[in-house]
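Below are two complexes that have subunit A in common, paired first with subunit B and then with subunit C.
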Partner chain A sequence: MANTYTLIQAQTLTTSAASVTFSSIPATYTDLVLRVSARTDYAGPNDLMIMTFNGTGGTSYSTTTLIGNGSTVVSNRTTSAANIRNGWVDGATATTSTFNNAEIYIPSYTVSQNKPVSNFSVAENNSASAADAYINANAGLATITAAITSIAFASINASNFVSTSSFYLYGIKNS
Partner chain B sequence: MPATYEPIATQTLASAAASITFSSIPATYTDLRLVFTGTQSVVTDIFYWFNNDQTNLYSQTTLNGDGTTASSGTNLNRANIDVNALKGEGSLTIPKMITIDVFSYIGSTYKTALFNFIGDENGGIYTAVVLGVSLYRSTSAITSINIGPASGNLAIGTTATLYGIKAA
Partner chain C sequence: MTKAIEVNCTTGEVTERDLTAEEIAAQEAAQAQAEADRAAAEAEAATKAIAKAELLKRLGITADEAALLIA
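So, the complex of A and B:
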């Protein structure tokens, strides 16, 4: 039986970049998985990574979050937003050489329906400040019925992903 | 490298059904993963259970977020696992995603699973994200998995795929 977990494309930054985009995503898989290790040059300990599909912004997205920072746990939401929130990323003042980790799962990305999105991410940096480290479980929704053909990541603060940040896109087939 | 993540079976509903069942699950893997995307015909909860066993052998603990409040809950001696005991599933048109990771499903110890409910509805009272752990107090190998709503049906187009993961 075939292995169904296939790398579609890898991007590891050699210079800083304001965004990372996977385009021309083939429609030959059932689900998509993205695995990210990233850090930005935002002037603070944490930045927020956001994601859009097919170059679409507007009001096509919503996100429900569950966030722990080592001290408290909270839940919040965005509705009719311009992007899906992917959780926290280490910023410029975070402990040196620490990068976040995130796994994003997009099921049935070619099916003509709204797209649920799962996101689980962590940004841990051995800091005594409760505001410096995060664990996120997010439920996202894109009210986009077209097949997803491109995915773009950026910072909500318009900062840059730093060199060696890595982004991997995998395809999963159900047969 | 050997293939370690393989589809065992997939089902996409061509007509509404009370549940999706994966039966005769082979004992040739180490762990199982079920990925579900779908909608249902009435506002209710979605359950899963193993081996057609709906006796009170299940328990669950969850972390829940509804967009305004974070919480944790425990349910003991259940007849199944409720993936969104906090809220239930609201919209009948917005698909929800559920993943269930079942560890050591052929082992002779009780069966632990991690589950994740993705139920953002762009606001509304049913929006939720849930991380959960379930326990099935049975030493039998898991040979079947059912997933379905507490009442009504899963809608046409609902899809579930069962994957097997090999440790070697």
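So, the complex of A and C:
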């Protein structure tokens, strides 16, 4: 059980940005938690947020995804990928001013082993159309054994996070 | 030019800069992968739809009737 839940840094965008990175993350916590509320300028109702660690791409990541919207459920998996997939984000044609919300948990981020990641997120379009409200559960793995010192978010469609998208990084200590 | 925002968690300094050529290349690769995934998913769905239609035709029932069988 966590004894602390400390805000390390937060960033609320005042302009659009293709990527948001937390760098020089201190190694003084046990686990990391990220809370994200984001929207992109992707030309559709839903975009997909991706995440990388320590500037590493290549084939270091896998993600198992479960997505439901009330009528359809889809499960898929990516392996040997260049990023972890973090679920849907509202896009440009989603209802105005709607944002996704996501919680990403990274346990034991300084331990010399591969890094598992869990993500739970919702892209809520505030619409009567069930197909516009997605819930995502993702299990990710990064085959990176070094401590995580930076975390970067981007859109898989190379779109931009819009202004007022917010990113919060918390540290958790178990003692 | 698209921007990258970097927050230094030790100093609190926020840096805004243009994407590097390497970052743009990574973006393009991710985008290509996303498009390939979408195409593969659409192809899989189309294949399943054709197989379903052929099966219903062989059975001589409609999709609604098939749904009744498994309800």
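Note that in this section the second predicted complex is superposed on the first by the 168 of 175 C-alpha atoms of A that agree within 3 Å, B and C clash if a C-alpha of one lies under 4 Å from a C-alpha of the other, contacts with A are read in each partner's own complex, and residues count from 1 in each chain.
Quick note on the criterion: a contact is a pair of C-beta atoms (placed from the backbone, for glycine too) under 8 Å apart; a residue touches a chain by one contact, two chains touch by 3 or more.
Computed from a predicted structure; not experimentally measured.
J.: If we overlay the two complexes on their shared chain A, which of subunit B and subunit C does A:Ser19 touch? Say first, second, both or neither.
T.: A:Ser19 contacts subunit C only, not subunit B.
J.: Name the contact category of A:Gly57: first (subunit B only), second (subunit C only), both, or neither.
T.: A:Gly57 sits against subunit C, while subunit B stays out of touch.
J.: Can A:Gln11 be said to touch subunit B (first), subunit C (second), both, or neither?
T.: The answer is second: A:Gln11 touches subunit C but not subunit B.
J.: If you tally the residues of subunit A touched by each partner, is the higher count for subunit B or for subunit C?
T.: B
J.: Let me test your reading of the model: by the given contact rule, A:Ser75 touches which partner, first (subunit B), second (subunit C), both or neither?
T.: Only subunit B; A:Ser75 stays clear of subunit C.
J.: Taking the superposition as given, does A:Val117 touch the first partner, subunit B, the second, subunit C, both, or neither?
T.: Touch status of A:Val117: first partner only.
J.: Give one of first, second, both or neither to describe whether A:Pro107 is in contact with subunit B, with subunit C, with both, or with none.
T.: Touch status of A:Pro107: first partner only.
J.: Where on subunit A do subunit B and subunit C both make contact?
T.: In subunit A, residues 76 are touched by subunit B and also by subunit C.
J.: Which residues of subunit A touch subunit B in the complex?
T.: 1-5, 30-31, 62-67, 73-77, 79-80, 105, 107-108, 111, 113-118, 120, 137-141, 143, 172-175
J.: Enumerate the contact residues on subunit B facing subunit A in the complex.
T.: 3-7, 10, 35, 37, 63-70, 93-97, 99, 116-123, 127-129, 131, 157, 159, 161, 163
J.: Give every residue of subunit A touching subunit C within the complex, in rising order.
T.: For subunit A paired with subunit C, touching residues are 8-9, 11, 13, 15-26, 48, 50, 57, 76, 78, 81-83, 154, 156-158, 160, 167, 169.
J.: Write out the stretch or stretches of subunit C touching subunit A in their complex.
T.: Listed in rising order, the residues of subunit C that touch subunit A are 2-12, 14, 16, 19, 23, 26-31, 33-34, 37, 41.
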